[in-house]
Amino acid sequence: MTNFTDTAQLESIYRSLYRIRRVEEKIIEVYPSDAIKSPVHLSIGQESVAVGVCSVLKPDDIAFGTYRGHALYLAKGGDLKRMIAELYGKRDGSAGGKAGSMHLIDIGVGVMGTSAIVATTVPQAVGYAFALKSRKSKSIVVSFFGEGAMDEGVSYESLNFAALRKLPILFICENNHYAIYSHVRDRMPEPNPCERAGVFKIPAQKIEHGDTFKIRAASEKAVDKIRAGGGPRFIECMTYRWRDHVGPEEDRRWKYRSDAELDEWIKRDEVARIGGMLGSDARRAIEREVDAEIAEAFAFAEKSSFPGPAELGTNVFHA
Amino acid sequence: MSSMRNSNRSLTYAQALYEATRQEMERDSGVFVFGLGVDDPKGMYGTTLDLHKLFGADRNFDTPLSEDAMTGVAIGAALAGMRPIHVHQRMDFLLLCLNQLINIAAKSSYMFNGAVSVPIVVRGIIGRSWGQGAQHSQALHSYFMHVPGIKVVAPATPHDAKGCLIAAIRDNNPVVFMEHRMLYGNAGIVPEEPFATPLGHARTLTAGDDVTIVAISHMVVEALRAKHLLEEVGIAAEVIDPVTLAPLDMDTIAASVERTGRILAVDNSWTMCGTSAEILAQLTERLQGKRQFRAARMGYAPVPCPTTKPLENLFYPNAKTIAQRAYSLVKGNGASWDPAVSEATEISEFKGPF
Amino acid sequence: MSSMRNSNRSLTYAQALYEATRQEMERDSGVFVFGLGVDDPKGMYGTTLDLHKLFGADRNFDTPLSEDAMTGVAIGAALAGMRPIHVHQRMDFLLLCLNQLINIAAKSSYMFNGAVSVPIVVRGIIGRSWGQGAQHSQALHSYFMHVPGIKVVAPATPHDAKGCLIAAIRDNNPVVFMEHRMLYGNAGIVPEEPFATPLGHARTLTAGDDVTIVAISHMVVEALRAKHLLEEVGIAAEVIDPVTLAPLDMDTIAASVERTGRILAVDNSWTMCGTSAEILAQLTERLQGKRQFRAARMGYAPVPCPTTKPLENLFYPNAKTIAQRAYSLVKGNGASWDPAVSEATEISEFKGPF
Amino acid sequence: MTNFTDTAQLESIYRSLYRIRRVEEKIIEVYPSDAIKSPVHLSIGQESVAVGVCSVLKPDDIAFGTYRGHALYLAKGGDLKRMIAELYGKRDGSAGGKAGSMHLIDIGVGVMGTSAIVATTVPQAVGYAFALKSRKSKSIVVSFFGEGAMDEGVSYESLNFAALRKLPILFICENNHYAIYSHVRDRMPEPNPCERAGVFKIPAQKIEHGDTFKIRAASEKAVDKIRAGGGPRFIECMTYRWRDHVGPEEDRRWKYRSDAELDEWIKRDEVARIGGMLGSDARRAIEREVDAEIAEAFAFAEKSSFPGPAELGTNVFHA
């Protein structure tokens, strides 16, 4: 591990990791009841990326992400109750029930709306960074996307423009090896997102094994440079999705990946590893608190009402 | 192959698509299938399942997430004489393909005065339910209808799924083939031998003298249910499925409306500048001075698709709302009626997780 | 600024666009212009000429040829509270932008239940003549009209060019702003002070009781010429310019047709699933049981745009063909008439080289 | 110069260069008469790229290009008479007058239809190469595009797929430094098309100064490797457009580039340089022949008739 010694920070990181993990597990538990009629793309196994990066961001930094957005939303400080209510399709959801799991938003904490179309938020993040720079803001933007987004041409256009204009943006490529069931090596002659970012003269770094501390350290350095006006940076975080691409299930039966590969990543579980670094009392206290908060959020979602017919037509346009 | 064929064999819509594809791949080595996930263990809802095992990895293959270039690749392969079938899990992704489809595919034959042809099939699957929402439920047929040089087919039955897909593959022009995931489980009689259903012909599914209901894609199923509801109140609806949207068989539709004097056009998309607008406009042009008629359109509510079920229910026309609208067309616009009807099973039984 | 203003000041359409942009950039530091060539020595036909010299290189800038990402950049900047104006030399290039415009811009306000707005203006210039051909002459307004959540404006006069562009910039929603290069040289009276023309209101340009001609963009100019030709044979045409296409002011159009009993809808695009289809469909819905009417549509010939002049002449409606069609609507469909008319000067005098 | 000694080949190259130059000059001469109502994107100054590359292609190799396509069309063997008739909008044009200068085609010699939308033919060329490989053909595809196309995301998608599938395709980036009036350094943080192609593991090479022989030599080597199944190659050819982006005029008055830069490139004129390597008799014989051919082609175009109204509706669909 890195020289990461501040206990408060360690606890805060564990809290964030554990909270995401437990929210996802609770979703898995509830899902068979059909209370959540929304395609959930779970972050289990990938928590460390959002947690590591967001641990160095300020509240008014801005994050753009994807339909696999639960971890990012929570790590950046998104409201848990409104998230669960959104999954339930309820009026108190972050988008009043109109959006579901794939389109979380909490602009108060800088979580911009996520998208179900791969790579679409990448240029938006760049545009937001352009605005911040124009306005001489001290804030920065982080753009989270899967390695699948690196197949899309718009990502190259976005990297090029961000570099050309030296924009304050950190690109985080969450490389979980797969786009649905398609391995990255079947989509790229060489799976080299960092090298690809590099041709735009964007400093790029790859972090192996989903190591939370290394992701945090790399992000910290990158964010400092970006804030100092150094232009965009790119970090590729190797990670792994434990569950099926979408839905609550395990997916070993589909045989598109080997059990051994999956098991190796499960062994690397960052939640367990970092939890193990805490004293057992401290750990249990965090877990109790988080569990209670989650129970409350699901109860809140259960109790919230569905939007009524009049809400069908609201907010198509902005006044 | 055996000559002993079961003429009453039933297939689902998805199976019919699979069979059409497999048979055409057997017939013509130039036919190949590609797109995100076509060779994965789910095989695009079974419609392309394991075709690579039968025909090799060059004829049924996954691609990078590069819809724009892959559309160009399809066009290029077609220019070289092949017959690509490019599959998109959601029609919404076609918004990434329009530069190639509209600026190139639709124009090449004309722009080069017949020197080249672009025989590609672009399969687009319309999503619905379980919170597909604003970006996974769009149907873009009117975009392709608007522009000359590209054909559009939207079969509603397993029989047409097979016959039209074969026709689309054999057609020497770009064809957008629109499917609806809520149709995939529907079963119907489908001949085993390959057959091509000529494009450009509407099907009159039920005869009736009181009102013509033209419905598109999944709305055909809802319109047929509405027809049964209407029977209960003594209204005979003639349900027409255009099947092909470009070219659109307006002769059949106009002849029906000339008889019934009433048209309800039910689209599986928004009405504004959509297929239902075109149908009403052509009827107005054709029947003026000849036959007065009453007209109404239904389609998506004029909002992006919401995810939560109670609002999604209001977003789509259904058997009940179609029947009600037809009822008021027939009885006069004030008339209302509240038929008892439960949600279509393909919707109520759909359980995600996607 | 001086209070002594010339109330009869004349500007060209291009100058009006320039003035609107400059004034809004003065008013609001969040307004910026970008797109291929906006800061080059020709300044997008003068409409953005040297704005960077007035407002700095961050507020009027050239971009890489990356239409898809640049559209996303516009959306992102708008999410951050800015008001980008993204300029496209040809509307055909918008086919590269539809994923961002349709899947994101049009849906964000609704999908996020009002938490965000996307105040972007997308300027698309329609090309014509001198062999622009199939890929440089398309008008895509019906694509944007089809989908809820995005506005469409297509001013035909210098006055509306200025007023609508200001309104579009101030609007809190995505607005597609459609221009026509054959309008750029037309002059008209334009107030110097900034003014916003409220979107969603049609203009009745000439009053007449015999036939309503609704025309779009450059076709407004041709329709007005047709109106004069028709006068010679005693036919009074009411020419309506919808100005805004989404939302479309059907009240004005329907009231006119209710009076004239005749509608000729002339679009600057294809008719199939186009604006002219929507107009006829809504008239049919609104006037049924109330007023019978005769109807016709005109638009691009149902082919890709050919480059050679003799065929291009046949591709577009013009004053003569519009007048003839209106004539036969009024006199009965058999009636024909051959008015003497020469080609519109903005077309005959256009000499390329692009 | 390279060790290029075969006189017949030298003559053939000169003929091709001179022919393109003279066709363009004749277009400039005729243009003010308004007989050519078509946006012409002249190749003057850039002839060596198409000529160098096409000199190593076989007739059944396939070329895809752009609206700046006169040089490619002619170098690959396209019919001159039909080209000029097409510019005149006449019935005998390569597309019956429906297409004009931006959309030349002569599939008999492997010139596929060019496009007025930047970068659109790049993926088509890849698709054609896919078909050739599937069919085990010995032919290859060459995709010509301006450096502006390297701004478009679809080019990265295309390079990636071509490399992934090891397709028989040669990418020729004609880097004339400008996209209309926009310099490449204002569009790319570093103008490095070769490096960009390289991340897809496509061997890439840059040829300076529009040198015909170096372009030819590099192409020859690349084509050999491609034909042997080695997968895609990429060559960036530095070149320069002498005239305005579109139309027959010079464009010094627009001041978007320096006279000095332009003059330096004009000094490098490959037509003059290579013409100077020939004996004056041989040279004059070629020029006479070519001049006569061109005169004939323009006369042919003049005499050809315009398409009639019935042709408006033909070929929208293929039977």
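Labels for the chains are A, B, C and D, by order of writing; each one numbers its residues from 1.
Keep this in mind: contacts are C-beta pairs under 8 Å (C-beta built on N, C-alpha and C of every residue); 3 or more make two chains touch, one makes a residue touch a chain.
Model, not experiment: these values are computed from the prediction.
Undergrad: Treat each pair of touching chains as one step and give the shortest count from subunit A to subunit C.
TA: Contact-graph shortest path, subunit A to subunit C, evaluates to 1.
Undergrad: Please identify each chain that touches subunit C as well as subunit D.
TA: A, B
Undergrad: Compute the centre of every chain as the mean of its C-alpha atoms, then state which one is farthest from the centre of subunit B.
TA: D
Undergrad: Roughly how far is subunit B from subunit C, centre to centre by C-alpha average, rounded to an integer in Å?
TA: Their C-alpha centroids are separated by 32 Å.
Undergrad: Take the average of all CA coordinates in subunit B, do the same for subunit D, and state the distance between these two points in whole angstrom.
TA: The computed centroid separation for subunit B versus subunit D comes out at 42 Å.
Undergrad: Would you kindly tell me how far, in whole Å, the mean C-alpha position of subunit D lies from that of subunit A?
TA: 46
Undergrad: With chain centres defined as C-alpha means, what is the inter-centre distance between subunit A and subunit B in Å?
TA: Using C-alpha averages as centres, the distance is 36 Å.
Undergrad: So which stretches of subunit A touch two or more other chains?
TA: Subunit A, residues with two or more chain partners: 98-99, 103, 115, 117, 151-154, 157, 160, 164, 186-188, 316.
Undergrad: Could you tell me which residues belong to subunit B and also touch two or more other chains?
TA: Residues 63-64, 66, 68-69, 92, 99, 103, 110-111, 133-135, 148-149, 302-304, 306 of subunit B each touch two or more of the other chains.
Undergrad: What topology does the chain contact graph adopt: line, ring, star, complete, or other?
TA: complete
Undergrad: Under the touch definition given earlier, write down the residues of subunit C that touch subunit A in their complex.
TA: Within the complex, subunit C touches subunit A at residues 32, 58, 63-64, 66, 68-82, 84, 99-100, 103-104, 108-119, 148-149, 151, 172-173.
Undergrad: In their complex, what parts of subunit D are in touch with subunit C?
TA: By the definition above, subunit D touches subunit C via 31, 34, 37-40, 89-90, 93, 97-103, 115-119, 148-149, 151-153, 179-182, 186-188, 244, 246-249, 254-256, 306-309, 311-313, 316.
Undergrad: For subunit C, which residues are in contact with subunit B within the complex?
TA: 68, 92, 95-96, 98-99, 102-103, 106-107, 110-111, 133-135, 138, 142-143, 145-149, 246, 269-285, 288-289, 292-297, 302-304, 306, 333
Undergrad: Quick one: in the complex, what on subunit D touches subunit A?
TA: 151-157, 160, 163-164, 186-190, 192, 195-196, 198-201
Undergrad: Subunit B touches which residues of subunit D in the complex?
TA: Checking each residue of subunit D against subunit B gives 62, 64, 94-96, 98-99, 103, 105, 107, 112-113, 115, 117, 120-132, 134-135, 153-154, 157-158, 160-161, 164, 314-319.
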